[in-house]
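What follows is a set of structures to go through.
Presented sequentially are two complexes of subunit A, the first with subunit B as partner and the second with subunit C.
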Partner chain A sequence: MIKFILRRLIQSLVTIVIIVSVVFLVLNLSGDPIRMIASPTASEADLAQLRSAYGLDKPLAVRYVNYLSKVAHLEFGESLRTQQEALQMVLKRLPATLVLAFSALVLATIVGIPIGMLAALKKGTSIDSTAVLISMIGQAMPVFWIALLLIFLFGVLIPILPPSGYGTPAHLVLPTISLSLFLLAGIVRVTRSSTLEVLSQPFVNVLNSKGISEHLILIKHIFRNASIPVLTQLSLQMRFVIGGSVVVESVFGWPGIGQLLAQSAYGRDYPVVIASTFFIALFILVFSMVLDIFYGLIDPRVRVWK
Partner chain B sequence: MSEQEILLSVRNLRTLIKTANGTFSAVDGVNFDLEKGKALGIVGESGSGKTMLSMSILGLLPQTARISEGEVFLNGEDLRTLSKKEYKKIRGKKIGTIFQEPLTSFDPLYTIGDQIAESLKHHCGLKRSEARIKVIELLETVGIPRPESVYDEFPFQLSGGMRQRAMIAMALAPSPEIIIADEPTTALDVTIQAQILELLKDLQKERNVTVLFVSHDLGVIAEIVDEVMVVYGGQVMEHTDVNNLFYNPAHPYTKALLKARPTLTTEGKRLRAIAGQVPSLEARPSGCPFHPRCEQATEKCSKKAPPMTVLENSIRVACWLYCHENEKSGEQPNV
Partner chain C sequence: MEITKTKRREKGYFGVLVKHPLALIAHIILLLAVIAAVFANFFPADALEQDLMSSLLPPTLHADSFPGAASSFPHILGTDSLGRDLTARILLAIRISLLVSFFSVVIAMIVGVTLGLVSGYIGGAVDNVIMRIVDALMSLPFVVLAIAVVAAIGPGLINVALVLGFTGWVTFAKLVRGEVLRIREYSFIEAANSIGCSSIRILIKHILPQTMGIILVNATLTMGQMIVSEATLSFLGLGVPAPTPTLGGILADAQQTFFAAWWIMVFPGLILMAIILSINIIGDFLRDYFDTSEAGSR
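Now for the complex of A and B:
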């Protein structure tokens, strides 16, 4: 198990170097940041001076090596727009995003898995078709639309929840629901189909023939077997949590990384974009590593082979 | 038959299956008695209803199927009158089951030992440590080498033959009175098949367990059982002892089945198949279900199902050929 975790750590390190490199290249292809920050009337000499001040006059390869060593030391430089430390800007906003992503994930999982299992156990009944309908609606509605709808319903029509802002648990409710609905729909669908798959396995028949209690069969055997594809679904949908949080944070004025990333990408604020991307990548990697460890805990075939 | 204690008794059992095209009987008025300590084989082609029969006895029918009439007595207790909860206590505890697929019959996520101990803990109230000792003993009984370490191994770490041995240990764990073995050797290769049959035979003798052995393989049946019931179209065609099955078959279907077997002397020749095919559940013929494929069928066969006739040597056969000869000896009509 320890070997497995170590190997996974090394893989993650390689992944993050690749991500950071791709971000560097793409940003350098996307235009000249000096022209964005300098006034339109600045002379060529002024521009050249600014370039050398930010180290942008050196060849790409040199800048790449410098950049990598800086990133390794978590030095992302100053924001081109606000002159604040990019690292500080990101770290300040990181908790808000983590809280939002985590609560959306938890909500989607603890609601989605029971609904999916129930639908599978009651296959063909109205409970099942309702669950399938909910998951279809959840996957079909875009996040910004759900967010606006929720603001209209619970912020304006029946004003019981704050429509935007950050601070109290009440502020968390609407953004969390908006972000988790899509996730939830996917989890319901995958849990339902994986439970049906497990139910059709011969070992369920064997368990029944042993005369042990149905609760034991359901929790110990069916749920554990059915949860493996759900884990895969979760790790695949992490991308969505980040993409969705950019939208949700903008709609609800939630001061997280998503909002920061969107703003600085528009302004070609390299250091902030790089720092945000770095932490988002780190977040996804840590999350998928935790999920991989879960795989090992749930499925002995993963644990014993590696 | 009356001298011995009868353990399992099935009376006029009928099991219906609901399909998109209507409701059909998969098991159609089956009667038999099984004495304590004996082994009864149920033989039939695929689709003859033999698995549905054993599942009906176990009370483990799929949602689309139900028993519509008849009784199943275990030790004189009518299982059909039991509640779901009471039936669960019988299952595992009094009726052990061995299934066909040793590969997929274990939950892949738990150790062999844990899964065998599960029913011991549940039915006999054993503690974890007590169950462990008992399970290791059982694993040894079924001929698994190094049982202590196999206890902590996962199903995917064992070979097919080992898994089937473990499966047998699991069925035996709460010391059931009867074991229903549904094609237990079908998925195994011939050498392992022989070993497993040998094991089952030994266990049956040592522990005086009654066995209901379901198979499509006459050779396998010959190895292990005392009596054989030939099933076709959900009905019993012939109920005979194992010697008479091979040397003195009565029913035309049994005779045809025996002729279709490959033997050492028929090498190089084409195997003789029974003409036609097993009728599907939804298209069962009227009268005797075998009459469209029977070489000796008469007009009567298509109109009315023959009653069960008892011949000398207590062979029971459902065929008009025999009913003519001894008009009076009809048992329960097999309609």
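Now for the complex of A and C:
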């Protein structure tokens, strides 16, 4: 197991280096970043001075190596807008994003799996077709539109929940629902199809004919076997949840990394853009690694370590 | 939706389509969207003309009656805070949305299919490098990647299409590579090799046509994703800038007039949802039609 974790760690490191390199390449291909910071009236001498201050007068390869070593030491530099450390800005906002992402994840799972299983057990009925239709619509609704509709419904029309802000559990409700809907739709689809597959296997018939209670079969045998594809789906969809949280955080004024990324991209605040992207990638990699370990615990057949 | 091979051969695409009402409706909705996009500028009201006298008018079937009204055509879907006709703006926004997503899919397809063919056929170190890049980009949310690139090159119509295209190629590369690995084992490839066909000829003439189904399915599903991404970027102010109307941009404006005007928020979202839903359904239909279960595993 140690060997497996080590291998995954090295893979993740390679991934991070590639992502960081792609971001570096893109930022440097896009012309002279100094022109963005300097005032339009700055003279050539001023520009040259600024360039050397930011180390931009050196060749690309030298800058790339410098940049990599800085990122490796988690030195992202100061924000071009607020002059704060980019790293501190991102770390300060990390908890808010984690809270939002995990509550969306939990909500989508505890609502999605029962609906998906119910749809599979009642295949061909109106319950099933309703569940399928709703999951299709859920996957076609853009996250920000869901968020707007929810604010309109529960913040304006029937004002029972705060339309934006951060702090109390009530503030968490609308952002969590908006963020979880896409994931929930996916989970319903996957749970339904994997449950159907398990149901078609002969061992379910055997259990039934042995007289084991329906509930026991459902929980102990069907659920356990059907949950593997659901876990895969969770790991695949996590990046969409984080992607969606950029939007949800912006709409609800939720002070997380996603909102920071959108704001800093709007203001072309490169150090903050790099730092936020770095931590989002890191978070997703850690999450998928933990899920991979979790797999083996649930199902010895797919255990990736010996 | 089970579509057998014999059925496909006997009835052709439309023969199969008419037997699947949901897919048929999806095709019709997408066709309507394309028609709306093409003929958007023939709509009698102007999408950009401001008329503060008609600001925030609710949907109506009656034309403005006060003297000096800018338009003699009724505001079927109402007006926005600057008195611009919402119907005209949405029609133009559909055009922008379809244009941007179409071109970004074409870019993603060209880049991804080329790299996938190369990666799968050459193998070795080239394959390894390309696939590590694919894995790395796939672990990042698409929107986050696009936002980071927009931060670098700035917003704008062409930039958004480029950004989405050059960040969306990875699924194509991964799928095509897998197909190449499968197909190159067939004996007809060996035969082509032994009669002296060049690698490029084998790739383009013998392998590429076999992967067309999977490419088409993935292109369809990617198109839906591109439409969402363009709308998201525009909603965040990182996409196509004003005054060009976009579905995301109109929805961002709708936030300002929440209390007064529900129609600005409802209609663009409904249209967006209808288009994406149709594209997803068409993608599923194509997947069954070409019988390619691996495609579109996003």
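We take it that the second predicted complex is superposed on the first by the 302 of 306 C-alpha atoms of A that agree within 3 Å, B and C clash if a C-alpha of one lies under 4 Å from a C-alpha of the other, contacts with A are read in each partner's own complex, and residues count from 1 in each chain.
The rule is simple: contacts are C-beta pairs under 8 Å (C-beta built on N, C-alpha and C of every residue); 3 or more make two chains touch, one makes a residue touch a chain.
This structure is a prediction, so every number in the text was calculated from the model and none was measured.
> Does the subunit A-based superposition show subunit B and subunit C clashing or fitting?
In the superposition, subunit B and subunit C stay clear of each other.
> Could you look at A:298 and tell me whether it touches subunit B, subunit C, both or neither (first, second, both, neither)?
After superposing on A, A:298 lies in contact with subunit B but is clear of subunit C.
> Tell me the contact category for A:221 with respect to subunit B and subunit C: first, second, both or neither.
first
> Using the superposition described at the top, determine whether subunit B or subunit C touches more residues of subunit A.
C
> May I ask you to decide whether A:213 touches subunit B, subunit C, both, or neither, giving the answer as first, second, both or neither?
First partner only, subunit B.
> In the superposed arrangement, does A:151 touch subunit B (first), subunit C (second), both or neither?
Once the two structures are laid over each other on A, A:151 reaches subunit C alone.
> Name the contact category of A:205: first (subunit B only), second (subunit C only), both, or neither.
first
> Just to confirm the value: shortest Cα separation between subunit B and subunit C in the superposed three-chain model, in whole Å.
After superposing on chain A, subunit B and subunit C come no closer than 16 Å at C-alpha.
> With touch defined as at the start, can you tell me which subunit B residues reach subunit A in the complex?
Interface residues on the subunit B side: 58, 60, 88-93, 95, 97, 99-101, 104-110, 118-119, 122-123, 154, 156-157, 167, 170.
> Report the residues of subunit A in contact with subunit C in the complex, numbered from low to high.
Against subunit C, subunit A makes touches at 14-16, 18-19, 22-23, 26-27, 29-30, 136-137, 139-145, 148-149, 151-152, 156, 236, 239-240, 242-244, 246-247, 250-251, 261-262, 264-266, 268-270, 273-274, 277, 280-281, 284-285, 288.
> Can you tell me which positions in subunit C touch subunit A when the two form their complex?
Touching subunit A from subunit C are residues 132-133, 135-145, 147-154, 224, 228, 231-232, 235-238, 248, 251, 254-255, 258-259, 262, 265, 269, 272-273, 276-277, 280-281, 298.
> Applying the document's contact rule, which stretches of subunit A touch subunit B when the two form their complex?
Against subunit B, the touching part of subunit A is residues 201-203, 205-213, 216, 220-221, 224-225, 298-301, 304.
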